[in-house]
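Here the chain labels run A, B and C in written order, and each chain numbers its own residues starting at 1.
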Amino acid sequence: MTTSTASEPEDQAAKPATRRRPKPQGGGFPAALPWLAPALLLILVVVVFPAGYMIYNSMRHIGKNAVDDGWAEPTRKGPDWGVFSNFGHIFTDPNLPRILLNSLVWVVVVVVFTVVISLVLAQFLSKPFPGRRLVRMAVVVPWAASVVMTTTVFYYAMDPNYGTLNHLLEQLHLVGPDGFGFTKSPVSALGSAMAIAVFVSLPFTIYTLLAGIQSVPADTIEAAKMDGAGRLRTYFSVVLPQLRNSLAVAVLINMINVFNNLPILQIMTKDLPGYESDTLMTYIFKTMQFDKRIDWASALSVLNFAIVALIVLIYVRVVKPLKEV
Amino acid sequence: MKKTWRTGALAVAAIGALALSSCGFSGDKGGDSASGSGGGSGESVALTMLIPTYSDGTKGLWEKTISAFEAKNPNIKITLEVQSWENIEGVLSNKIQSKQAPDIYNGGAISSFAEAGQLAKAEEITSPETLANFTDSFSENEKVAGTQYGLPLIASDRALFYNKALMKEAGVTDVPKTWDELLEASKKIKDKTGNPGYGMPLGKEEAQAEAAMWILGAGGSLGDEQNITIENDQTKDAFAQMKKMMDAGVTQSNPGSTQRTPMMSGFVQGKMGFVYALPPTAADIKKQNPKLDYGIAQPATKDGKPVTLGVADRLASFSQDQAKKDAVKKFMDFFFADDQYLAFVKGENFLPTTKSGATAMGSDEALKPFIDLLPSSKFYPTTNPAWSDTDAAFKALLGKLEKSSAEDIAKEIQAKADAAS
Amino acid sequence: MAFLAVEDRAPKSRVVGRMVIGLLVAIVFLVPYLVMFLGSVKTRDEILSYDPSYLPKDGWQWDNYSAMWDTPETPLPYNLISTIVIALAATVLVLLVAVPAAYYTARFRFPGRLAFMGLVILTQMLQPAILTTGLVREMLLLDIGDTWLAMILINAAFNLAFATWMMHSFFAAVPKEVDEAAQLDGAGKFRTLFTVNLPLVWPGIVTAVIFTFVSAWNEFAASLVILTTAENQPLSVALTKFVGQYNTSWQFVFAISIVSIIPVVILFFFIEKRLVGGLAAGAVK
């Protein structure tokens, strides 16, 4: 190991040769700007306006005719919160607690299962064996297919009358001749939806971890083996810590995407009456589709965004995904 | 060297893609509209048209009409946008928000737009002759506070489809006319053939229609332009009878979460005794399972008196300026004339809403049972602004009838309707 | 057969074991798409048959795959081109935008670094699906409503978070010595990034490219409302045109879905080998 030769004049301090060193200082934000400007520009041009518009809409009154009639007014049942009356309406919605609970369970179950299975499969797919490339390509397929279509196929296969999965279960005498109504009760529909969500999240997570595993220097693993560490111990003491960065990013993106996922639940629970199986995201779309209220849907979207942001904030604080290995 | 080449290639690809992408395919494929030769009365007008897909022929039918119309009116250019029923209302509300509301819109409920003054009046977008040619009851149904906005496009009503083979196998000789007979016959079919006797789809797709069939059958109604009345004795009666059917086990399994479309294919395939269905189902049977031995009869009601649910979809216009309204008027007059209109109605297998159309199609053997039922049809109170919430409440809540009591469901739906009005 | 090559010296029994497990994994991941494929070669009536069969009974309807290109519902060849252009351009744009940002934030500390990374992750949290109203208005204001460019910008903007964060974590793992050596040779920051760093982070680039391409390829909510001309719409929107009020042409929906998976798998086929390499290949001595 050499001591660092500073790339920038500001960073003169030669540090001991540990893996954790402060970064060289750039020339402040102005020096960084040329590197960040393209990304910033794209975000400013495309994202800021619609995001602001969503927040604005959440404080307006927009009736079923999609016309903006001015600032929000209290609804019949909701409290008078001035321009925030749409929020008053959604916070006093009796369905809300159940929906928030569903969202939480949904995101935790799906992400935990996805990550655990992905860790195992990524490790497996990093091992050389004949045909590995073909297996890797098979794994990428659920990612390549649109989530809507994957879910549709599951929904179709699970249909009690013409679904082939139910047909198979009937032939195996696991269910009666009428089939099993996977999508016909809240518990089984939510459970099936979670399984599908894990299934479609796996490829992305596996590949992120696989990419991470590729950057674990082979000699580090060799060294651990030389020290006589068992395979499990090598994994937990050498490989997993090296995966930290990829894992942190994979979990972060998964949390956001799973929380914001719409099509899986929308398709799998579309047969069910009531709101027992809704998450915040599907509820937003029911508000738009059935109640036809853009203002309430916008308020719910703002709430949705606030919750995701909060989760991410806590996650970033606890996990520190930006920290160096 | 290789790497530099690659970076270069990447940059070229990027620039190329961006240059390409600024265009996209042009929406105006039909040539320039300025080439109006003879009949051009003034400058050219561009209209937008947003329509839903009824069947896999819908887009083709409209395209044919539009190109025939544009050939006659070279200064009017119509841009057609087709969406599925599931997406069309979301797309519409986005367009309205962005001030891009369509000049011609084919939709379900429009009363909230009419109330807010967003729609052109029917008399502004049709000639008096065309307007007078609509069957009176349909025109009446399009009036919001006394003014007609929508132009009834197609109509349908529901009739009882019965599977003769299953009835025979179960020893049912007469087509049921009353609730009790229907329950009895369904029970026999279920017991003797193992197939569901009656198909009851209470899933979100069209729960309101199934509910309406039973409520009307109990002598009730869904309400009128002023009031939505769900929580009353007739509704509770109807819901109780539906529960009775479910409890007797004569329906398909999970009626509370059964969607109409997939269930209907069960009837088409001969796996169900009775269902309420629309004219297009008869066309489906002809196409998919012509061997099916079935019949069409009046709906079974509490006392046996025929009554059914009629539905009409409509065309409306969000046009504001006069030139566009005039162009829309030309189009409507062109479309609702018998030659164009009948081709469309027949193509979609629905019933005509015009007087001359009804006369022309009255002899159609396949549609006769439905045309006969039209006089006893009652409609959704679509002109009541609270209806769309009520409709949503039916869709969201009716499935719970499987497990909750008739009173509770009626009360919940009424509460949603009241909250809206 | 290059893919049958074995690179290490594991005992034979273990290699066979891996092949068996690999086969099982592949089957699990492919079965739903096998169902989809079999549906795509059935007739519509057979797909909805109450007496289901695994394989087509009424003959294999291969002509579904030719008929779908020429239906009244949607101009599918145009839809395919639109999808390809939008997804490719969005992916290139994301790389152009995310790589410099990720490199700089991973290499240098500066005020606003955390804020920048936070802003980037916000774009991932806001999905086009809940912003459609604003997006439509915005694109009309920019006068690019109903164009590919609008969808390229939207897809790039809402997908740059993963690429930036992922690349960030990879650049951060490249030892500083690599940069320092390059800079001793007199390379500027850009050359250090492109010639020295990029080859070391291929696995990250590959993952970012697939992620962005796939998201753009399958984007639906914004395309639905922004692209009004049928020719401009991507496959995801085109599919919905086969969904009628009371009947759906499932055979076409399935066939188009199968076809739309293929380009992504081809893309993957070409860049998969880049997953190996980088640091693991021992570039750092």
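Side notes on the structure shown:
Definition applied: a residue touches a chain if its C-beta (ideal position, glycine included) is under 8 Å from a C-beta of that chain, and two chains touch if they have at least 3 such contacts.
Molecules present, by chain and UniProt name: A = Sugar ABC transporter permease; B = Extracellular solute-binding protein.
From a predicted model like this one, the values you see are computed outputs, not experimental measurements.
More C-beta pairs touch across one of A-C and B-C than the other; that pair is A-C. The chain with its Cα centroid farthest from the Cα centroid of subunit A is B.
The distance from the centre of subunit B to the centre of subunit C, each centre being the mean of the chain's C-alpha atoms, comes to 37 Å. Inter-chain centre distance (subunit A to subunit C, centres taken as mean C-alpha positions): 16 Å. Counting partners per residue, subunit A has 161-162, 294 as the residues that reach two or more other chains. Of all residues in subunit C, those that touch two or more other chains are 48-50, 93, 96, 133, 137. Contact of a single residue of subunit B with at least two other chains is seen at positions 90, 93, 97, 262, 265-266, 271. Every residue of subunit C that touches subunit A in the complex is listed here, in rising order: 2-8, 10, 15, 18-19, 21-23, 25-27, 29-30, 32-33, 35-36, 38-39, 47-50, 52-54, 93, 96-98, 100-101, 103-105, 107-114, 116-127, 129-131, 133-135, 137-138, 141-142, 153-154, 156-158, 160-162, 164-166, 168-170, 172-173, 176-177, 179-180, 183-184, 203-204, 206-207, 210-211, 214, 217-218, 220, 236, 239, 250, 253-254, 257, 260-261, 264-265, 268-269, 272, 275-280, 282, 284. Against subunit C, in their complex, subunit A makes its touches with residues 2, 4-5, 7-8, 21-29, 31-32, 34-36, 38-40, 42-43, 45-47, 49-54, 57, 121, 124-125, 127-150, 152-154, 156-157, 161-164, 166-167, 199, 202-204, 207-208, 210-219, 245-246, 248-249, 252-253, 256-257, 260, 262, 284, 294, 297-298, 301, 304-305, 308-309, 312, 316, 321-322, 324-325.
Per the touch definition, subunit C reaches subunit B in the complex via residues 45, 48-51, 71-73, 78, 82, 85-86, 88-89, 92-93, 95-96, 132-133, 136-137, 140, 144, 146-149, 152, 194-195, 199, 224-225, 227-232, 240-249.
On the side of subunit B, the complex with subunit A involves touching residues 89-90, 92-93, 96-97, 112-113, 115-116, 118, 202-204, 207, 253-254, 256-259, 262, 265-266, 271, 385, 388-389, 392, 395-400, 419. Per the touch definition, subunit B reaches subunit C in the complex via residues 3, 7, 10, 13-14, 17-18, 20-27, 29, 52-60, 63, 79, 81-87, 90-91, 93-95, 97-98, 100, 260-262, 264-266, 269, 271, 278, 280-281, 284, 288-289.
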